[in-house]
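Read through the structures below before going on.
Two complexes are shown next, each including subunit A; its partner changes from subunit B in the first to subunit C in the second.
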Partner chain A sequence: MDFISKKDFRSLVEGLIKEYTLYGPIKKDGSPAFGRIDGFGQLKLSSTPSHISAKGFLFPPKETLLRFDIEKGSAEGVVTAEDQAIIGLNSCDVHAINLLDRVFAYGTPDANYLARRKKTLIIGTECLPDEYCFCDSIGTMTVEEGFDVFLHKLRGGFIARTGSKRGRSLIKKYASARKATKEEIAGLKGLAEKKKKLFKTTLDAEASSLPLIYAGADLSPVWDRIGAICYGCGSCNNVCPTCYCFDVKDDVTMDLKKAERVRVWDACTLEDFAKVSGGYNFRKTRADQLRHRFNRKFRYLADRFKGLFCVGCGRCSRTCLVRINIAEVTNEIVRESKKR
Partner chain B sequence: MLKSVPVAAKKPKLAFFSFTCCEGCQLMVLNCEEEFPGIIELVDIVNFREAMSLRSDDYDIAFVEGSISKKEEIKKLRAIRKNAKIVVALGACSSTGGLNCLKNRFPMEEVKKAVYGKDARHKPMDTIPARPIDSIVRVDHYIHGCPVTKEEFLSTLKAFLLGKTPDVPNHPVCVDCKMAGNICVFEKGLSCVGPVTRAGCKAVCVTYGCICWGCRGPVDDPNMNAHGETLERYGLTADGILKSFDLYGGYRIYKTGRPAGHDGPPAVLDGRKRHA
Partner chain C sequence: MRSSANQKNAEAVSPYLPARGTVEKTVAVTEKERFFSIALETPMDHTPGQFVMVGLPGYGEAPISISSPPSDEPRIELCVRAAGNLTRALHRLNPGDTVWIRGPFGKGFPAREMEGKDIIFIAGGIGLAPMRSLIKTVIGRKKAFGSLTLLYGVKSPEELLFKDELGIWRENGMDVEITVDRPHPSWKGNVGVVTTLIGAREVDETKTVAVIVGPPVMYKYVILSLGNKKLKGTDIYLSLERRMRCGLGKCGHCQIQSVYACQEGPVFRLSDIRHLKEAI
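Moving on, here comes the complex of A and B:
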């Protein structure tokens, strides 16, 4: 672990701007968000999560996968990836990227995501919980892998942990770092203990027990209750750092001779998500759609990828205008499971 | 992969018609300057008052903009339906009734007098409550928006030519907002009708600092009850809530006393009776 001063931090950020397309936390309409960083002054390190996750830099809302020529019957794949760096990801976000890495490498590897991921530098920063965060209950409050550099704010500067060769050379190049002292490392642990006490939202069960608890909750009355108030607006999916579903569409040119195949974000809480040919919808009600989403986060994907797909960032709870709170719903299901 | 493009052997004939509206949707079609050389390779345009003088009653696809607000427009619209194989409602006025339906909350005599003064008693000024075209004829397809977007007009036309069903977004504006990276209007201390409004607009209004007014009308299954409660939680009164649905949702409110999808008791705006 190294200590880097505030001045070094600035030269690090300016170095990143020179070498990479840099994205990081900004203030947008007074709220924390991610955006393009062209100058050090734009960077507004936020202690709380951005309203929309940073997944769009690795998995864009819309991207071209294929260009094809209808007359010739030929097609070529399109992979666009440029050197980019994302700064200001919190530990939940890094955990989320680790999960997406597993998803997009599973089965037929996703060339577009993986190419972009390979060219992406990840610089994490320590955060503080807002009223919706519950990463401590999920076990994602700290992160040990998936980043190149992870910065912890301390008086006068940052403690930098490096997680890759790229990260180590970056610190070497831009910061006159020194080894962190024992006191500083101890201070870091003290901060983590203090942080644990700041959570206003917690889960009433061990994270590892959630897949099993959810497995018994298919008939819970909670689904009809939250289904009745849900808009089906897909916001919970779209702000989520681990939701990765997409739809594939063809954009044909006006002469109808050429086309692009594009993928766009899709969301399991939207009415048409499970609609198939002939108009049949196999998850028609909002209750069914929500049950599906919660099970994807806590059960189905946990079984397949060995890890909960909720990282406890609380973004879905914040964005939901009818106040469906992922932690409260989970706690309700935990309570019901204890009655059984 | 397709070896040939399944385009109709005969060039389809297109016609554009305009009823009560600002003609902004036709203007959006005219904005397709770059695409027009390609378009006229594939179709014949036989009726388009805003762009040319040719008139013909022989057409396959009719794009109809504007709402119906005069008796004589009903007759004209029925003739269009008879002539066309496909009728497309072009834009908010035509597909939901649009802004014109704001007048439906007043007695027609009062409206006429307010607009035309002493000329109001002349017959050409006859006026009826404004309504969408599907309240009179069968509509095959809708292109929503105030105005429509160029992209959606073109993708609809291409879908017809390829024999595909045109893609009409059926998700709320919230999706487009999140994809555009916008901070939620409600987080900014304002309110909007985006959560129950049909998207496809790329959330331009919110992206440029405004709110969603609901110009594309509601999604197929809007949760209006929930949205009423949300607006109330964010400080709107019952009157304010109805007004926020009224701007573009006026026709449904006038017909049923409540916005689409809302099953609460019929509400009366401003304490005024709605006039049939």
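Moving on, here comes the complex of A and C:
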């Protein structure tokens, strides 16, 4: 672990701007959001999660998969990636990216995501929980892998943990870092202990028990209750750092000579997500759709990808127009499971 | 160091890039369904019950089951119902036109595991299209199997698919029974839903497997009828229809609880999915 001063942090950020397309937390309409950083002054490291996650830099809301020349009758695959760096990802966000890495590498690898991931530098930063965060209950409050550099704010600067060769050479190149002292490393541990006490939201069950608890909750009344108030707007899916479902469709030029096959984010809470062309919808009601989404976070994907797909960032609860809160719903299911 | 945006990465191969197919033959088989024979550049190494993503530029892609049996010929056959923009556009294609194909995807029917057994094929409507691949495979090696029965239900006589082939299958020793949902002036045969054909049949549950393909509403009732015949869940195979966008286990549309229809399916043993809410 290294200590870098505030001044060195600035030279690190400026180095990143020079070498990469840099994205990081900015203020947008008063809320923390990720955006393009062209100058050090734009970077507004936030102690709480951004409204929308940073997944879009790896898995864009819309991206071209194929280009067709209709006149020539040809098709070509499109895989684009540029050197980019994302700074200001919190521990939960890095965990989320680790999960997406597994998803897109699974089975037939997704070249589009993986090419972009390969060219992306991840610089994490320490955070503090707000009233929606519950990463401590999920086990994602700290992170050990998936980043190039992870920065912990300390008096006068940052403790930098490096997680890759790229990260180590970055620190070497731009920051006149010194080894962190024993006191500083001990201080870091003390901070983590203090942070644990700040959580207002916690889950009433061990994270590892959640898949089984959810497996018993298919018939819970909670689905009808939250289904009755859900607007089916899909915001929870959009802001979620681990939601990766997509639709594939074609865009055609006005002269009908060229077409692109694009993929766009989709959401399992939208009406037609599971509908087939004959008209049959396998998840007709909002209750069905929400049960599916919650189970995808806590149960359905856990076996295949070795991990819960909720990282405890609280974004879905924070954004929900009707205040469906993922931690409250989970705790209700936990309570029901204890009665069974 | 900064590379240009939209730079092409030569090493990465897009799994979304389809192969070119050329329509060789297209025949209207009913008012809504068309049969296609599509020439490919290389043979499709598929098993009966697998599907391909069929696409046209500007219209997108849709999952379509392969109707032809496995073969060394660079050719597949599809039976397509006009249901959306893409499938309607497919219906307008002529011989010589290009159609883009990705696949094959998913798990098909394990024909080898059915050897030595009596097979009851139960098809509803366009469900006969994917089933035809298996039926032709089985008839091609009919000595390896026990008795073969096809119970086929359609809404009305005009909706019967592969009419000529039904006769050929009969000639090959297959017991083919057909029923239509509602009485029709031109129809002298059975009337009623497909389960009515199951009720009266003798089934030796110790050496029979059933294969079901049809519309979503059909499964529940057919499974109940087969249960009455004491058929075990491990001896019942079905192909589940789902919305699919990628075929690669990623887009999320075909997910049934922890299962992806495009990866572990679309063909499942009943015993593997009967506990899954939303499966049937």
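Note that the second predicted complex is superposed on the first by the 334 of 340 C-alpha atoms of A that agree within 3 Å, B and C clash if a C-alpha of one lies under 4 Å from a C-alpha of the other, contacts with A are read in each partner's own complex, and residues count from 1 in each chain.
By our rule, a contact is a pair of C-beta atoms (placed from the backbone, for glycine too) under 8 Å apart; a residue touches a chain by one contact, two chains touch by 3 or more.
Being a predicted model, the structure only gives us computed values, none of them experimental.
Participant: Please work out whether A:Phe298 is in contact with subunit B alone, subunit C alone, both, or neither, and reply first, second, both or neither.
Facilitator: Neither partner.
Participant: Counting only touches as set out at the top, which of subunit B and subunit C does A:Gly107 meet: first, second, both, neither?
Facilitator: In the superposition, A:Gly107 touches subunit C alone.
Participant: Which of the two partners, first being subunit B and second being subunit C, lies in contact with A:Ser235: first, second, both, or neither?
Facilitator: first
Participant: Between subunit B (first) and subunit C (second), which does A:Phe309 come into contact with in this model arrangement: first, second, both, or neither?
Facilitator: Touch partners of A:Phe309: none, neither subunit B nor subunit C.
Participant: State whether subunit B or subunit C is in contact with more residues of subunit A in the superposed arrangement.
Facilitator: So, of the two partners, C touches more residues of subunit A.
Participant: Of the partners subunit B and subunit C, which touch A:Asp288 in the superposed model: first, second, both, neither?
Facilitator: Only subunit C is touched by A:Asp288; subunit B is not.
Participant: Quick check for you: in the superposed arrangement, does A:Tyr214 touch first (subunit B), second (subunit C), both or neither?
Facilitator: The answer is neither, since A:Tyr214 touches no partner chain.
Participant: Should A:Phe68 be classified as contacting the first partner (subunit B), the second (subunit C), both, or neither?
Facilitator: In the superposition, A:Phe68 touches subunit B and subunit C alike.
Participant: On the A-aligned overlay, A:Lys28 touches which partner chain: subunit B = first, subunit C = second, or both, or neither?
Facilitator: The first partner, subunit B, only.
Participant: Regarding the shared-chain residue A:Lys249, is it in contact with subunit B (first), subunit C (second), both, or neither?
Facilitator: Both subunit B and subunit C are touched by A:Lys249.
Participant: Can you list the residues of subunit A that touch subunit B in one structure and subunit C in the other?
Facilitator: 68, 70, 73, 75, 249, 252, 256
Participant: Considering only the defined contacts, which subunit C positions touch subunit A in the complex?
Facilitator: Interface residues on the subunit C side: 1-9, 12-18, 20, 55, 57-62, 83-84, 87, 98, 100, 215-217, 241-243, 245-246, 248-253, 255-258, 263, 277-278.
Participant: Where on subunit A does subunit B make contact in their complex?
Facilitator: Listed in rising order, the residues are 28-31, 33-35, 51-52, 56, 61-62, 68, 70-71, 73, 75, 228-235, 238-239, 249, 251-257, 264-265, 267, 270-272, 286, 319, 321-322.
Participant: Along subunit A, where are the residues that touch subunit C in the complex?
Facilitator: 19-21, 65-66, 68, 70, 73, 75-83, 103-104, 106-112, 114-115, 119, 218, 244-250, 252, 256, 259, 261, 263, 266, 268, 273-278, 280, 282-283, 288, 292, 295-296, 299-301, 303-304
Participant: Using the touch definition up top, name the residues of subunit B that touch subunit A in the complex.
Facilitator: Spelled out, the residues of subunit B in touch with subunit A are 1-5, 7, 35, 38-39, 41-42, 154-155, 158, 161-162, 167, 170-172, 174-175, 178-179, 181, 183-184, 186-188, 195-196, 219-223, 226-227, 229-230.
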